[in-house]
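In what comes next, subunit A is part of two complexes: it sits with subunit B in the first one and with subunit C in the second one.
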Partner chain A sequence: MTTKLPPPRPKDPTKRTRLPTRPPGNRSREAHGLTAMAAAGRFALQTCADCGTVQYPPRQVCGNCLGDRLQWRDVSDGGRLLAETTLAHSNDLFFRDRLPWRLGVVHADAGPSMVAHLAEDCIAGARVRLALSIDRAGNAVVTARPEHPTPNPEDDRQLREMTFDPKDRRVLIVDGKTELGLALVRAFAGAGARQVYVGHAQPWRRSPHLDAAREIDAATLFPLDVTDTDSVEELAATIGDKVEILVNNAYHLRMGGAVGRMDLNTAHDEMAIHYHGLLRLAGHFGPVMRARGADGAHGAAAWVNLLSAYAWANNPALGTYSASQAAALSLSHCLRAELAEGGVRVVNAFLGPIEDEWHQLAPPPKLDPAAAARRIVAGLKAGVEDIPIGAVAEEILARRAENPKEIERGIGL
Partner chain B sequence: MGQARRGYEGIVAAAPVTVPYARYSIRSAHWFCGRALAGLIGAAGLAKAEIDGFCVSSFTLYPDSAVGLMQHLGVSPRWLDHIPMGGASGAVALRRAARAVQAGDAEIVALIGADTNHVDSFRRTVATFSQFANDAVYPYGAGGPNASFAFLTDRYMREYGARREDFGRLCIAQRENALPVPHAMMKRPLTMEQYLNARPIAEPLRLFDCVMPCAGAEACLVMTEDRARALGIPFAPVLATVERHNAFPDDPIQVRGGWAVDIGALYDQAGIGPEDVDLFQAYDDYPVICFMQIEDLGFCAKGEAPAFVRERDLRAGGDFPFNTSGGQLSAGQAGAGGGFIGLVETLRQLTGETHGHRVEGARHGLVSCFGMIVYDRGLCTSAAILGRASA
Partner chain C sequence: MTETDDTGLLAGLLAGIAGGGIRVVDLTMTLDRHVPTIVLPPEMGQSWPFRMEEISRYDHRGPATYWNNFSCGEHTGTHFDAPIHWISGKDLPGNATDTIPPALFVAHACVVDCSEEAAADPDYLLTVDRVAAWEAEHGAIPPRSWVLMRTDWSLKSDPVQYLNMDETGSHTPGPDADLVAWLIEERDVVGFGCEAVGTDAGQAQHFAVPFPCHHMMHGNGRFGLPALTNLDQLPPTGAVVIAAPLKIRRGSGSPVRALALVEA
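Right after this comes the complex of A and B.
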């Protein structure tokens, strides 16, 4: 059983805030293949297409047949923990701040032996399950958990550095006025978030979802309009030093493509919310979150963007909407690089059409907001970087990987 | 069956030199190499230009290699080798040089293992040690080989029932061997209590299981026996050498090294067996690797080294003289110099030029080397047997 984390105590204002450090981040191009697999939550290793040898660490040629047709294939995540150590000393500043630190060598069922970060309940000689996780520097690392889940895995002190379990964390949901916003408040509160700050814009507009969110114990409501710099600045000044997971779910969906579009107001609004809104949040919440990346139990952990799967491939029926989502996606990569300096991770969730009023004309399948919210929380618990949500998102991802020109010519979704 | 290996008849090693170790130094590896060369020509009574071959190992010459070092030292050899095998370099350098002299490509080869140790240079060395380490070890917090050897030690203990006391016996015996050696960094005797209760580093490893990185150099010369006799310097004949890289790649974790592949070739070439070895210098950055060498080089069966060290006396005056100058565990690890410390001590013992305890009447010295944990195991192993010159 994983040792339960003590509930976080209020921060002692007389104590120095620990500055963020990062684990060593120097990786080869081949090793970033692991990062791509970790980002998608896959346990895939480099596999030779010619002879089938599975190898680790990644290389440029097959260590068996010397072929260079090396592919990333999902392999068994089982293994046996052959040896372990607990570091009481490290030359690396990130680990010095976090000692003692437990590591092991796992003989993977897939073939290779792998150095891995160990969950507390892993026992030397016993079977474990392997995963590719993303560390605070944004790179893939191997993690091992007991073969059969033990109680309180979300409290694992080491693995919490590589995942974003909401338990005991303070979360900002940027827009609480939508069905999805409410579902997110419920999902995060249900996952044990200590506080859920709920933003709401446009005070003249009543929202039954916000009314419901108000009733949730962990929730506190704050005015927040991502199209208004003053509003974002004010909230960042109020709770910026408390937000540990920021969930940017503001969205503005209207139908329409480019041809014959005489009035740009809708397109302006989409950019104002998706792109400039993200930019405003990044401008005001980014610096304080980045500075708090290593603040112990109060450390900022993740920035989550809810994007449309049409950020990957334009849906002409939602042409300008898709374009603004693509702009936000690109900006999220900028944010990822900048927040990485503080060890704060950027997670993007890609959603297909949701079952809500604005998606009235979108054909099914449409996502149940509650299911989408649960999927996002599950992705954070697993430390996944890109979370495709729903059949539409999965299909776009698969088709785009296979042939991006095909999907450009007719998304049909 | 391949071509039979030629022996090393008429080829000898001479002029053991140690540039005294320092925990930290502001000098560069070039300085340590230069002082080692000065020591060599002083010991052999040679002019610098008479050394026409160089075999160099160093991690900290960067951005230079042995090539730049030649201009730095003002020499123009006709034979030059740079051996990037860390702890395995010593016996490898010896066998390279022996063949060069035997073939007439060089007359006198200087073997130099040297490194400096600036404040923070060890961290920088391990942070860029290999692509595999960058990708799959260093990001896990294992700053250096401590964690890698902790895994090997943990596995060995689980597999063969070794206890920490067993490793302690070896460390304590080596410390006693080191006490009269002037350049050894560790000057005080080690007790079992101190060993067992030392500060944890990477469990099961504690402080006295780990070498201390330092600056220093080890060096010697290789030449023909005739040349050594003409110079009037003591020497030791080269009887046998082996090297092996990436042995047993299918072992999921290292419990043996390449010596287990080459043991037959080694003793066959020397014409002796393990029972004829009078002193053994094994690579000793951590005690577990000593246990593997004792087993893989035929002194006991696999897994029996813990019993072996309980039954035998590893001190220089004991019945199994082992790392008779105290090894790296007591002297410090002078980077790639650590790959030569066993060779230089073997030479001292067989030529009677010891700094510390002397193994009386020793006729055969075995030196074995180990190096380069690039990912999860040491990739390079080597070994050599030196004899005693006939009068």
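Right after this comes the complex of A and C.
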């Protein structure tokens, strides 16, 4: 069983906050193939199309037959831990801060042997389950967990560096007034978040969802309007140095495209919330979160953007909405690069139409907000970077990977 | 008139303002991010709220200057409603902020104190009978006057209380439909002003003619002046209101700095 982390205590104001450091960062282009697989939560390795040999680490030509037709394939994630060791010394600043650190060599069922970061309960000689995780530098690394889960995996000191379990962390849900916002508050509170800060704009508009969120023990409500710079600044000044997971779920969905309904005011409102809103949050919450990336076992960990799957491919029925989501997606990549300096990870969840009042005319299948929220929490626990949620998002992602021109023309799903 | 002539009409005015018995009362709300705008169903077109972004503050963006960009709808905070704002006034001559004769921006004001009624009933409607009673005390409303409805509503600094919304909409005081017609036809007012977010009562969308103050005032070339403050500092008659909207081409209104000149 994993040693339980001591619950977070109020911070000692006389102690210096440890500055964030990053594990070694440079990877080859081939190695970033692993990053792509890790980002999607897949355990996939290069496989030679000629001789079938599974490769690790990634390379340009097959280590067995020198063939250059190496393809990324999902492979068995089983393996056996051959040997393990505990680092007591490191010249790398990141690991020096975190010693001792356990590593091991795993013989993967897929073929290769690989060095892996070990969960506490991995025992030499025993079976393990492998995963590709993303480390604090944003690169894929191999992690190993016991084949059969043991108690308290969320407390694993080493693996918490690569995942974002909400347990004992303080979470900001930017908009608590929607079905999805309430579902997120419930999901994070249910996952053991120590505090769930819930933002709400336009206090004169009532929301049964906010009323329900108010009743949740871990929840505290704060005024927050992402279209208002002063409002974002004010909340960041109030709780910015406590937020360890920020969930930006503010959205503004209206039907219409560029020709059939050219409405700049609506387009402006979409950009004000999806793009400028994200920018305001980034400008005011980003610096302090980045500085707290190494603030103990419960330091700032992740920034989650809830985006539409139409950020990938414009749906003309929601033309300006899709465009504003694409702008937010692009900005999230900027944010990812900047927050990576503090070891804080940007996670994007991509949603298809959800079951809410604004998607009334969208044809099924529509996402249940509670299921979407659970999927986001599960993605954080697993440490993935991109989370397509629901059939529509998964289909768009798959078709876009296959043929971007086809999805561009046939988005009318 | 020469510079030294202190006997002219304006010289008297200036001397009065400079401590000679004329007070200048600010009737204007502060424009900031909290200033409420009218709440409409979310699927309708929405007026932008007041927002401000710094251009520079004596820093790398402008070492010697502090200034801002701001954005808002035309009908934000204390503002002027021009006749073109309503469909009933869309074809009138001189109906927009750039074409209204500027002399109309300076007018006498009659202030009807409804603060007790509004405190007792947020849906209070000002009626012809109530204004007739006011006239019995203060004299008939002179032609080309503003009628300003004092409710002390502007003292509600919390936007939620100010807008006073429930599932049937907003609950704020305003004029009765018959009064609006009477003020136009019988008293030739220049317009109607009040302290709530709009010149019509909060529940006016449910009236037989929805939004009668907008519909009739603007349909007859009259103006609106909502979201006023400090009406408690004005006498029932005798104040002069200066409320000039920005000269926006085809503007339907604009935030104003509304001032009243009051003889002490």
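What we mean here is this: the second predicted complex is superposed on the first by the 409 of 413 C-alpha atoms of A that agree within 3 Å, B and C clash if a C-alpha of one lies under 4 Å from a C-alpha of the other, contacts with A are read in each partner's own complex, and residues count from 1 in each chain.
We take it that a contact is a pair of C-beta atoms (placed from the backbone, for glycine too) under 8 Å apart; a residue touches a chain by one contact, two chains touch by 3 or more.
This structure is a prediction, so every number in the text was calculated from the model and none was measured.
Peer 1: Looking at the overlay, what does A:139 touch: subunit B (first), subunit C (second), both, or neither?
Peer 2: A:139 contacts subunit B only, not subunit C.
Peer 1: Quick check on the superposed pair: does A:103 touch subunit B, subunit C, both, or neither? Answer first, second, both or neither.
Peer 2: It touches subunit B, and subunit C stays clear.
Peer 1: Once the structures are superposed on A, label A:164 by its partner contacts, choosing first (subunit B), second (subunit C), both or neither.
Peer 2: neither
Peer 1: When the two structures are overlaid on chain A, which partner does A:206 contact: first (subunit B), second (subunit C), both, or neither?
Peer 2: second
Peer 1: On subunit A, which partner's contacts cover more residues, subunit B's or subunit C's?
Peer 2: On the superposition, B touches more of the residues of subunit A.
Peer 1: Where on subunit A do subunit B and subunit C both make contact?
Peer 2: Dual-contact residues (subunit A): none.
Peer 1: Would you mind writing out the residues of subunit B in touch with subunit A in their complex?
Peer 2: The touching residues are 122-123, 126-128, 131-132, 134-144, 146-147, 150-152, 154-155, 158, 199-205, 252-253, 375-376.
Peer 1: Flag every residue of subunit C that touches subunit A in the complex, lowest number first.
Peer 2: 33, 36, 39, 42-43, 45-46, 48-49, 51-53, 159-160, 163, 165, 167
Peer 1: Along subunit A, where are the residues that touch subunit C in the complex?
Peer 2: Subunit A residues touching subunit C: 203-206, 225, 227-231, 254, 263, 265-266, 268-269.
Peer 1: Name, in rising order, each residue of subunit A that touches subunit B in their complex.
Peer 2: 23-28, 30-31, 34, 56-58, 82-92, 94-95, 98, 101, 103-105, 107, 113-117, 124-125, 135, 137, 139, 141-142
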